[in-house]
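Structures for review follow.
In what follows, chain A forms one complex with chain B and a second complex with chain C.
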Partner chain A sequence: MNEKAPANPSRLPSLPRMRLSEKGARRMTIGVLLAPVIVVILLLFMGGLITGFLRSLGYFPLIGLNDFNFDAYLSIFTDNGFIRSFVLTFHIAFTSTVIASILAIASAMLLRPAFRGKRFVQFIFSLNLTIPHLVGAVGVLYLFSGSGLVSRLATGAGLIDAPAEFPALVFDPWAIGIIIQYVWKEIPFIGVIVLAILLSVGEDYESVARSLGANRWQAFRHVTLPLVMPGVVSASVIVFAFTFGAFEIPWLLGATFPKALPVLAFESYTDVDLAARPQAMAMAMVIAFMSSLMILAYMKLSRRYIRS
Partner chain B sequence: MTQVKLSGLTKRFDEKSEPAVDRLDIEIESGKLTALLGPSGCGKTTTMKMIAGLLRPTDGDILFDGSSIVGIAPEDRGAVMVFQNYLLFPYMSVADNIGFGLKMRGVSRSEIRTRVRDMLDLVQMPGFEERRPKQLSGGQQQRIALARALIVQPNVLLLDEPLSNLDAHLRDEMRELISGIQTELGITTVFVTHDQEEAVVLADKIALLFEGRLQQFDVPDAFYETPGTVDIAKFFGGTNFIPGRCEDGRITTAIGRFRAPHTAVDRGEAVLSIRPEAVELGGGGGNSVRGRIRSHVYVGRYARFRVMIGEVEIEVITDPGQVKKLSDGDEVSVRFDPDKIWILGPAADGKDGRADSDSARQPAG
Partner chain C sequence: MAGAAAKTTLVHRPAWRVTGRWVGITGLLAFLIAPIVPLFIWSISFRWFYPAILPTEYSARAWTEVINPNNDVVGVAWNTALIALVVTAFSILLGVPAGRALGLYEFRGKRLVEWLILAPIIVPGLAVVLGIHVLFIRAGLSNSLPGVILVHLVPTLPYMTLVMSGVFANYDTDFELQARSLGAGRLATQWYVTLPAIFPGVVVGAMFAFIISWSQYVLTLLIGGGQVQTLPLLLFSFVRSDPAIAGALSVVFILPAVLVLLLSSRYLSGDSAAVGGIGNI
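Let's turn to the complex of A and B:
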């Protein structure tokens, strides 16, 4: 195996041609096999990131911008609208993630014991994993907009006098419609992970806790929760990153001001004024940076929580 | 301490199948060490969990010092169960594991710290506070699990197979530790085992269970000397069984008639049982029959003979000196000491009481 040359050595000039240990050879073979994928990922991801970064610094030769500067960053960070958008986006991602995590843990606890028709309930529970976000957004519109089903039902039931009195849940400054959509979509995603952990860990740890004097709540708080927390963290990190950077839901359900960051970035990018491009790119960089930062902070926090 | 009484205790996991625990009546004396003994799957863990309050009985009652505790939550029973696989909380240090019960009771941090240290001394693992469960051997995890239970000063301590996951030398150590701590603290203790020797060595009293049903609840030696049925005697092993019929303190078998004053059945079909070391070779006198030596082994501290009496083969253990006097093929007088014969009811499966492997064997037919 270690004698075997790569199929096309000329394309891989950097491969050292010497005797390797079996393990090293295998690792190298895997590396060679994965190379196309890695190249594609690097080109798409790093390429995009680097291009975006350069343009955010004002370097865009195609439209005659050849200098490096921090003008774009300065302008967005001094723009009150950008700050508002940033806060809103953080609010959407954080609130959605926390509410979805809590409800997912609660659902998993309810789905844990054996009961009649459990498989059916579980099927319904995980059904919307397969439904696209867009469909969920349309559903939220249909249910919660001023002229939506809930509003009309409330009017019909006499809870409010006219649909216009229905509180704004869509296109609203608190992004309630967006959060509802994300929570609805992400509960089963986090929930099935928590449920899988609960079922594989079993109930014996909680039994031990009860036997040692913990009441139901204490056993949940000090035993069940720490056991499922690693799973909740991994799942909600994904949810947080997604909801922080996703474009279509805030675009469909968001208010005109403030806009979520991805919407703001996209609109700047498609602005007829080409000079807005560096700002759009700077916003995209901020989104990427914040997502990474939030994820790191979140993981640190949850790890500390698990330990205590 | 606390006296524990199980009364008609029954657990059925689902309607169709046989109950896992079936109408158990056991009275566990206060401050004593009691063994729940039986083969795997006979309902020992289920019984423990019901006492601890972790499983709800289908029927029957559990009484602590005369009052029913079935409706009381596990954390309020004062009974702590130590699981077979230890189940130390993996995300906590050893100190946090041991201190868990006190933390749940709202004991102050500093008091927890001192009491954890005392517990680590008690289980002979001082200085292990900051270790993680993963960094401990099986025997050490077992000790920490024990410490975690003892720190809350339970009235009833329930140990599920405390020795079965340990290798031989650790098992002896742990056995001594449990026995020492139990004697010192005087906690009413129930421990589960499938190993009869373990039960005999450790327990004040043994409850033997087969298939969820109590077979016998007695002091350890009774299981050797006066077992209730052939199945019980077989579980404790090493006994000769000869089927026959008994009447008025005598039993008639295929190899003769014997006087046998000690009996579990009055009359009718029965099985004579006698331990190999209670059979005398070459003496003669009452209760004797003629036999022929088939084979023998010299084991050093004793000698083991296989003797044919008619068609029946029995095992005899004698002092090693007999080897010089007797050789294979010799005809010999075999005496069953009437005081050592124990008459049992017939075997439950309807066949004769054929014992396993190295005890008495009868030729086929």
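Let's turn to the complex of A and C:
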């Protein structure tokens, strides 16, 4: 996303009529072009974010709460359930992102050379780029539940005798099913980006390293990997932010305790007890804050990579 | 790209490495296809009790129920597509001009605007939808179709804008100037010069905006409040109770995604801006 070519100001239209006040006219044009999108994002996105923030501070004039306080934050940060949820959510996002990134780099290396049937393989590889997460989650459930397809295959192979003997891979406290689903979905996402970099760079640098005496691993570690890292980092930031805040996958595949943070926030918000609302909003703010941290890290990292 | 790939065939590779590569590729593809397989099998199964590896009896029950006009699945699918179409249309109408401004011009505050547009792509929907719900209740937009359409714009509009900004960054305005100097009016220039040049980008961006809206779950669940039914909501309600129906619904749910991929795969190299936003689907 940071690879956009720089805009070229010298290519701007400069019709004679615009010369009178070219600068003013240009500013007008830019304003008119951008205004609708900015208004929509300010009203919906920023509006939603600010409303959530005010509510998280206990500001709710309709029911007579006109003061600001940090009660909601204090109560969630001292709540063991919330802490467990936070740690679990971080574990889900971090583990999924790391596994998906490593497997994506490996997949891209596998798919780089020309081979027969490459077009077909690449099509299957990119197939679940567009397949909705929810479908993947349902598929993982039907594969890895106690009576799922993998459990049946294990029974058929004589490894287990009953569904109960199958290891808990969904609804489990380690969120294995959720991580499998994210890895499944994000390998092609990161992989397609890495593959594009590999193909545009070519194998020349690697060949040079090899001819200078580097072995395959050294050539990969010191030549290829640094070349693809900027792409991997920018893609994995998006993946981390998404997996930290995604709702439907842990909602379907998660354990009853601890719950992933987005599920906990949603359930507190829809709770009949209105007193839980500020806490739900505070959790939403924690999710927003974590993803903002990710954007900052992304900006910092991408700038560092561009410099070097 | 083709040249770089062709060059590699000249490199000598030992047989075991070639075999290893194919084992790797086969394993990768198997993993990527695996979750889709049980969905297809469930959709045509009648009796499939543990520990049978394949169904003991097959039936078209799930499919006949899904396409039965009395069961409303077709209506819900149509509703989902309609919402996605309107959302896509708004995204094009607002996102193409904004993409033009970001792709062609340098101006003060551009970084701020880019941040503002990037933020809804990175910040998860759930973090903002709770606040949006509060606003929409006050504005009378909750539990309504317009409300759902508006909230779907939060992920799709920034995405479309970024795709178009990438398209316009590689676009040459000199053609427009030439058309104008040859006497074409503003509208004629836009229609005959600008549109054909950016059309492939608009189509790819629009298809992905459609898929993003088509796949939304929690935004629709909360803002629609049960009054607006879409395919993902319907699918969710059948996952535990009736795997056969859920399998058939999943297949229907996947169809546009596969179609979009077939139509756009040649634009989907990783360096295109289109890939950037689909981590969010």
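Quick note on the criterion: the second predicted complex is superposed on the first by the 266 of 308 C-alpha atoms of A that agree within 3 Å, B and C clash if a C-alpha of one lies under 4 Å from a C-alpha of the other, contacts with A are read in each partner's own complex, and residues count from 1 in each chain.
Keep this in mind: contacts are C-beta pairs under 8 Å (C-beta built on N, C-alpha and C of every residue); 3 or more make two chains touch, one makes a residue touch a chain.
Not measured: the values here are computed from a predicted model.
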item	value
Superposed partners chain B and chain C on chain A - clash or fit	fit
Partner chain in contact with A:Ser200 - chain B first, chain C second, else both or neither	second
Which superposed partner A:Ala214 touches (first chain B, second chain C, both, neither)	first
Touching partner for A:Pro173 - first (chain B), second (chain C), both, neither	neither
Residue contacts with chain A in the superposition, chain B compared against chain C	C
Angle at chain A between chain B and chain C, C-alpha centres, nearest 10 degrees	80
Partner chain in contact with A:Gly24 - chain B first, chain C second, else both or neither	neither
First (chain B), second (chain C), both or neither touched by A:Gly81	neither
Superposition-derived minimum Cα distance between chain C and chain B (Å)	5
Overlap of chain C and chain B interfaces on chain A (superposed complexes)	207
Sites on chain A touched by chain B in the complex	204-205, 207-215, 218, 222-223, 226-227, 306-307
Residue numbers on chain B that touch chain A, as the complex places them	49, 52-54, 73-75, 79-81, 83, 85, 87, 89, 91, 100-101, 103-105, 148-149, 152
Residues of chain C touching chain A in the complex	1, 4-9, 11, 13, 21, 24-25, 28-29, 31-39, 41-42, 50-53, 93-95, 97-98, 100-107, 113, 115-135, 150-151, 153-154, 157-158, 161-162, 165-166, 169-170, 172-174, 176-177, 180, 208, 211, 214-215, 217-218, 222, 232, 235-236, 239, 243, 246-247, 250, 253-254, 257-258, 260-261, 265, 268-271, 273, 275-276, 278-281
Residues of chain A that touch chain C when the two form their complex	1, 3-9, 11-15, 26-27, 29-30, 32-34, 36-38, 40-42, 44-53, 55, 106-107, 110-115, 118, 121, 123-136, 138-143, 147-149, 151-153, 155-156, 163, 181, 184, 186-189, 192-197, 199-203, 207, 231, 235, 237-239, 241-242, 244-248, 251-252, 262, 265-266, 269-270, 280-281, 284-285, 287-288, 291-292, 294-295, 298
